[in-house]
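So that you can tell them apart, the chains are marked A, B, C and D in the order they are listed, and the count of residues begins at 1 in each.
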Amino acid sequence: MIFLPLMGFVVNGILGKWMPKSLSGWLGTATVLGSFVLAVMNFMELSGGTPEIASINTKLFTFLSVGDFHVDFAFQFDRLSAVMTLIITGIGTLIHMYSIAYMHDDDGLYKFFAYLNLFIFNMLVLVLGSNYLMLFFGWEGVGLCSYLLIGFWYKNVDFGKAARKAFVMNRIGDLGLLMGLFLIYDTYGSFEYQEVFRQVFIGTADSTAVNTAIALLLFIGAMGKSAQIPLYTWLPDAMAGPTPVSALIHAATMVTAGIYLVIRSEAIYALSPFAREIVMWIGLATSIMAALIGLKQNDIKKVLAYSTVSQLGLMFIALGCGAYTAALFHVITHAFFKALLFLGSGSVIHGMHHEQDIREMGGLRKKMPITYLTFLIGTLAITGFPFLSGFFSKDEILVSAFTHNPLVFGLALISAGITGFYMFRMFFVTFHGTYRNHHHPFEKVHESPLLMTLPLLVLAVLSVVGGAVNLPHYLGEGISGGLHHLLSYDGGGKFSPILMYPEHVIELSHTAEIGLLAMAVSVFVIAFLYTRNKYVVKGAVPEADADQQGMGKVLSNKFYVDEAYDVAFVAPLEGASDTLTHYVDEKAIKSAVDGVGKGGFGLSKMLSKIQNGNIEYYLVYMVIGIALLLAFNLF
Amino acid sequence: MIALFVTFFSAVILLFAGLNKKESAFSLFAVVSLFVSAALSFACANQMVSFGMLESWVPANMMSFGKEQHLFAALLAFITGFVILMFRENENLGTDQLGLMMFSLCGAYMMVSYEHLVMLFLGIEVLSIPLFVLAGANKQNLASNEASLKYFLMGAFSTGIFLLGTAFIYGGTGSLELEMMGIKPSFMHAMKGMPIPVLINAGIILMSVGLLFKVAAAPFHFWAPDVYEGSPNRTTVFMATIVKVAAFVAFYRLLNTFGGIKDSWASWLTVLGGMTILWGNLAALGQKSVKRTLAFSSIAHAGYLVMFLLIADGTNTWILWFYGFSYAIASVLVFSIANQAYQQTGDFSFDAFNGIAKKCPIVAVVLVIGVLSMAGIPISAGFNAKFYLFSFAWQHTPWLVGIGLLGSAISVGYYFKFFKHAFLKESNNEMQFVDRGLLISLALIIVALGAMPWAILNLVF
Amino acid sequence: MEVIIIPIIASLVVIAMGKRIPMWLSALFSLLPILLVGKYFQQMGVEGGWKTIFDQPWISDNIRFTVGFDGLTGILLILTNALVPVIILGGIRNDENRVKITALTLFMQGALNGVFMAQDGLMFYIFWELALIPIYFITLTMSGVDAFKITLRFFLYTFIGSLAMLASLIYLFLHTANYSFAFESLRAVELSHTESLFVGGGILLAFLVKIPVLPFHSWQADTYTNTPAAGTMLLSGIMLKMGLYGLLRWFLPLAPESIEFYQPWVIGLSVAGVLYGALIAIRQKDMKRLVAFSSLSHVALIAAGIFTLTDAGLEGSVLQMFVHGINAVGLFLVIEIIERSTGTRILGELGGLAKNNRLFMVFFMLIALGTVAVPFTNGFPGELLLLKSVYTYNHNLALMAGLTIIFCAVYIFRMVQFSMFGEGTGTVAALKWNEILAFGILIVGVIGIGFMPQLIIDIVHNSIVQIGQWVSEARGVMS
Amino acid sequence: MSLLNIFNQVEISHYIYLSTVLFAIGLFGVLFRRNAIILLMCIELMLNAVNLLFTAFSTYMGDSDGQIFVFFIMVVAAAEAAVGLAILVLVYRNTRKTDVSFLDQLKG
């Protein structure tokens, strides 16, 4: 299951050069599809099998074993990993398929698929690893793949810059994660999930402070991967990569690794409310901030990127509130519709021949109906149109937030509302109104081939019905809460539950439920009407970044965070580097060393002055010598 | 004794047979006779042959001919032979010079085997007086004259100092024979409270000054650089090797007799040793001329050997022998390369070496071996010599050993100038070296002494 | 024994054949020893301590030519005899110095094998010095502006360190029961605390200079920059390991009483060096300088790991020695090839090299990833262990040292970016068979160790455990 | 007491002092004079001082070695003087000077 993609990577990487493009493309797809099928089968075995088994563990070999430090190269396939695996491979398959068409005219196609496969492989290692180190493997691996894929068009210097930014920011997170891992090992003496959680459960750690520290360090890692404040700026830049990459890595899968990590470490987070609060508030801040920025972006992919960040923020809110199911639920649905949206935008860009500015578009619905339709569904889903997948998952998050703290609920609701605004803004500006691109005639715009639209359709369907995996309980006990049951499986007697502390199903009075729903829906409606009025009826066009005013300017410049970082970190770093190079290393240390040598030569000059060639002096020196000798020894 | 005999008579023959004649034939004769005397005394040392009758001529309290003496005689003769061999093509001066050089070698023999201060005095003078002449052998060359005069004046002066010391010793101990001399002071030292008479102390100091002058140890080394620079190359090498070794043997024999009152002279000798090491190495750093550099390096080596004086107890003389041998071989090697380079380029700055590596790599490699040996870097005779010396001296004079290590670190600074010029610098003038075979064989000796010293030491000691 | 002799003879053969020697033949010479190493492994195995292979009196009856073998030695022998062929295959330009450098490299190989196998203190010192000579002359072939000054600084610096070590060894030698330099008898010497401070300090100095640890590093960058590629590779790939090997093999067992005193200093300096090197590397223009400082930072981490005295640190250090050898040689090989075909190695003047030579690009990328310590490349496990060990010693230091994984990413990818990517006119000539072979050997190391680090750990485990025992015993005696 | 007694009871120490003083005179002569010939003479004076000392000791101790030594010193001194004067002549031919302080070509 895991090594199929790796195989794909190797084959594509080595032989790809001599393979026909389509072949390498299909090969890449096939491998992922294969692992998807395998995943499904395993999943069946897991839950359908009798008796139900908690997890399938397989140990390949001992990776490192030094003294008391022992790490296995082992995998664990339990329900949580299963869900993630299904998302990854499933959506991965679709996106692979999509890319075959999307990338067909790029001569680096085989490389592209090699990287994609490598990414899937690392992602699988991440979610299937049976210990934290395996997770770290995948963690870094996916970071690397995103580096490679963002910088895929290596001729472009800016893309390279974006790629390095992404990798470095991830690395910052990784450092935190690594420290967290060390702390875990010091405290609990193992990396194996089951062992660690058992220890946590019986309370090996003397104080909750340790757990808080671990939790926070892990969360730093999560920040890096899942693009939370302050490490989120790489994600929008990462849109430099090919669109399928954006869909796969930066929407559907990789960015959710942070969520996975937190859910996985639930046992630890459960013990430290403080850490959870932090998680929640950061999630909240990120969500709102990103949503605001999204309002003023004109690059279709940038908008989606910020919406991703904002959605991730929502998920972290859920985690912070301890609603792990809700978070995972939203991960799933978000994977569906965000992938859909990205691929849709990809299709648009494809149709527009790599034009990404929405102000250059408009009225595309006539030209590309399928894209239009699917995109609409995606938009509706993400904005929480009732009874689409997004509706349920987001609603659940809101509910959990509400039970946790009404204030949080309010803010979350706002950010959810803003989602509506920017999404519809983009949607209308792109597909309605009149075509505004001048140096690229309207006739040229064309619908994408079947190979691209097919995944769109599939994903559209999924984002419609995706809510089914965890229907809220008020729709009837029987069908509801599938995911919830899945996660709160107690491990069948053996000690391997996924959630150490099974979360209580949130029981609100129906009135409250309805109230919340009403609020959510009303927000959605307002957003819809406002934007429709502005961009369709009035046919307004968003301003270019240059002529933004006031708040808009700030927003379109992303709160100047990048600039701030440059001033705060990059510049000092380079300054330090230069200082060390020129002053410390050259001036201080080296000249100190050379000074010794120079001193030697100076003395030498002095001595040769004494040796002035005049015999009389020599005799005098000799006699002085003799005199001193006698003086010291006789008197 | 046999060495003295053979050398002396062949010297006489040379002196009269080849007066003012071209030397090529005679130099070969000299070399042969020297190697013969080396071989013979080596044979004597290992009781393969013996010339008891010959040696019985000399009263036993004047000179002694033990194994040690024979070995040193062999060493001196061997090195001198090489000196004459390597420099036979040199400035074409009359054969009488060969004679003089061999006469002064006779003086060296006497210095290594004296039992009586008269013999030591005679040895020193027989060694020195011909050298005064040899130093000035380039009659027209002003530098040579100056060297000769300086050497003469200062040498005579130091002889005076030495003699005063001898007189004091004579007065203080009542004897001029080595084994007699030592008794009284050590006896006095043995019973506490009885101070060593001023005469003896002063005598030791003054005699030591005389010898320190000969070995060119600071602060009595001032003559060395100037005289080395001014003298003809052959004489310089002779002075740098033979004189030093002989003087050190004499010195250690003298101090050894006063071993009973070691603490009265060890302290200041240590100070002088350290001073010499630092002075020699530091002064060498800034030199432009190869000859002066080597002169100062020889001063530094004198400083290292002072360590030996401090640890000499009559049983570990082989260290001195080994050190002297490796040092002498290396200096002859480097000097003869420098000499040939000088013959062809005409200047004695390091630039003479420019681009040797390109023109004749073999010579460059040989040069590397020689210089590394002088710097004391393994695998070479020089390293082993230093290693023996330092490791033996460690317990007695750790600080001096420390200075020695520091000194050999400094020495790299000037020894590697050779490499700079030989490997980095370019030069367009033609160069070819004669006697490559000899050079290579010397280098091989050095490496052999470095790789398997114990085999060779077993052979001799 | 043969491992030491064969390369030296080979170097003489090379000199004798002169220009006529084909490169494949010299490469073949350099490949011979590794077969012998394999034989040792198969004969000796890695259990049961440091076994003597060959032993005979040398400088004196008690100063012997003693050659030993165990896991630690074995690993370094593999490293040396695998990298030297790489260097000969890829690292030597075909100019008038080729023969000279090849011969010196082979000589070096012999000397290095001697260093790693020596079981006798003086023999160790002699080969230690001997290994200095060829690299010095390799550097001298580069008649740069102030080549002499740089080489002299390099030589003097290391030579002074070695002399300090020699003094310490002699001191121990004089206190042995039977006046012997044999490792065991040197180890048996019981030192008082102050004595051990001096002796240990002397030995330590030599190794710290060689490694080099801040602030003894000022010979490094210049020497790397002004040496022909072969020299740079020898220096960074193998010679630095001499110092680390010395720490493990000679310093820890011989002067364990002094560790207590030096531990905080060395770890502090090393961690400082980790950051220092990384920070400086970030802004270097000259690729060689960049890699020089990066290797300063990496090696400092290894030194820190050794001095934590934890299992993770000690064994991780050996692993990382091996790995760093591969990566450093790889990077310098890359730089050399770039310089060969474009004539420059200044980042500003390069760019877009990836366009026309994908294969080279792949090699470069893999080695770069190894250096950045991405999982499934060789850099990762070692760095993990070392950071872990530093972490167990002190959390904050570990955090500081950990910053290197960020900085390393910054400067390595910066180098990749500005040399390979972007719009550039330069082109890298198609790789020749020998270069491909060289890279092949390296890549096997990069990936193989990335997946199976345990192989190396298993080999060195016993040796390290023993060293650890000695150390802990000595410290137990003290406290 | 009268001068005569003093002559009668001259002790060895007086000889030591006398010759040391003589030696010192010679030594300072060497230090302070520049003419090479005078330097030579001063050195001779030093040697003679030593001779005096030797004879004094040997008579004092009734041991002949000292006096034999004196003869050797005389011989050697003569030889030295001969060589020295020859060198001096040589130098004088080339430089027209006998003043040692002008000989400073070789230095550094």
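The working rule: contacts are C-beta pairs under 8 Å (C-beta built on N, C-alpha and C of every residue); 3 or more make two chains touch, one makes a residue touch a chain.
For clarity, every value in this text was computed on a predicted model and none was experimentally measured.
Asker: If every step must land on a chain the current one touches, say how few steps get you from chain A to chain B.
Answerer: The fewest touching-chain steps linking chain A to chain B number 1.
Asker: Write down the chain pair with more C-beta contact pairs when B-C is set against B-D.
Answerer: Of B-C and B-D, it is B-D that has more C-beta pairs in contact.
Asker: Please find which chain has its CA centre nearest to the centre of all protein CA atoms in view.
Answerer: Looking at where each chain's C-alpha mean falls, the closest to the middle is C.
Asker: How many angstrom lie between the CA centroids of chain B and chain C, rounded to a whole number?
Answerer: From the centre of chain B to the centre of chain C is 43 Å.
Asker: Rounded to a whole Å, what is the gap between the Cα centroids of chain B and chain D?
Answerer: Distance between chain centres: 28 Å.
Asker: Using the average of all C-alpha atoms in each chain as its centre, how far is it in Å between chain C and chain D?
Answerer: 67
Asker: What is the distance in Å between the mean C-alpha positions of chain A and chain C?
Answerer: About 38 Å separates the centre of chain A from that of chain C.
Asker: Please output the residue numbers of chain B that touch at least 2 other chains, ranges allowed.
Answerer: Residues 150, 153, 157, 225-226, 287, 413 of chain B touch two or more partner chains.
Asker: Can you list the residues of chain A that touch 2 or more other chains?
Answerer: 597, 608, 611, 613, 615, 619
Asker: So which bits of chain D are touching at least two other chains?
Answerer: Answer for chain D, listing residues that touch two or more other chains: 27, 30, 100, 103, 105-108.
Asker: I'd like to see which chains touch which, written out pair by pair.
Answerer: The list of touching pairs comes to A-B, A-C, A-D, B-C, B-D.
Asker: Hey, which residues of chain B end up touching chain C in the complex?
Answerer: These residues of chain B touch chain C: 368, 372, 377-379, 383-384, 387, 390-391, 394-395, 401-402, 405-406, 408-409, 412-413, 416, 419-420, 423-424, 426, 452-454.
Asker: What part of chain D is in contact with chain B in the complex they form?
Answerer: Listed in rising order, the residues are 12, 16, 19-20, 23, 26-27, 30, 36, 39-40, 43, 46-47, 49-50, 53-54, 57-58, 60-61, 63, 65-66, 68-69, 72-73, 76, 79-80, 83-84, 86-88, 90-91, 94-95, 100, 103, 105-108.
Asker: Contact residues on chain B for chain D in the complex?
Answerer: The touching residues are 116-118, 121-122, 125, 129, 132-133, 136, 139-140, 142-143, 145-150, 152-153, 156-157, 159-160, 163-164, 166-168, 170-171, 174-176, 199, 225-227, 229-230, 287-288, 292.
Asker: Which part of chain A faces chain B closely enough to touch in the complex?
Answerer: 597, 600-601, 603-605, 607-608, 611, 613, 615, 617-619, 621-622, 624-626, 629-630, 632-634
Asker: Touching residues of chain A toward chain C in the complex: what are they?
Answerer: The touching residues are 13, 17, 61-69, 133, 136-138, 140-141, 144, 147, 151, 154-157, 160-161, 163-164, 167-168, 171-172, 174-175, 178-179, 182, 185-186, 573-574, 576-578, 580-581, 584-585, 589-590, 593-594, 597.
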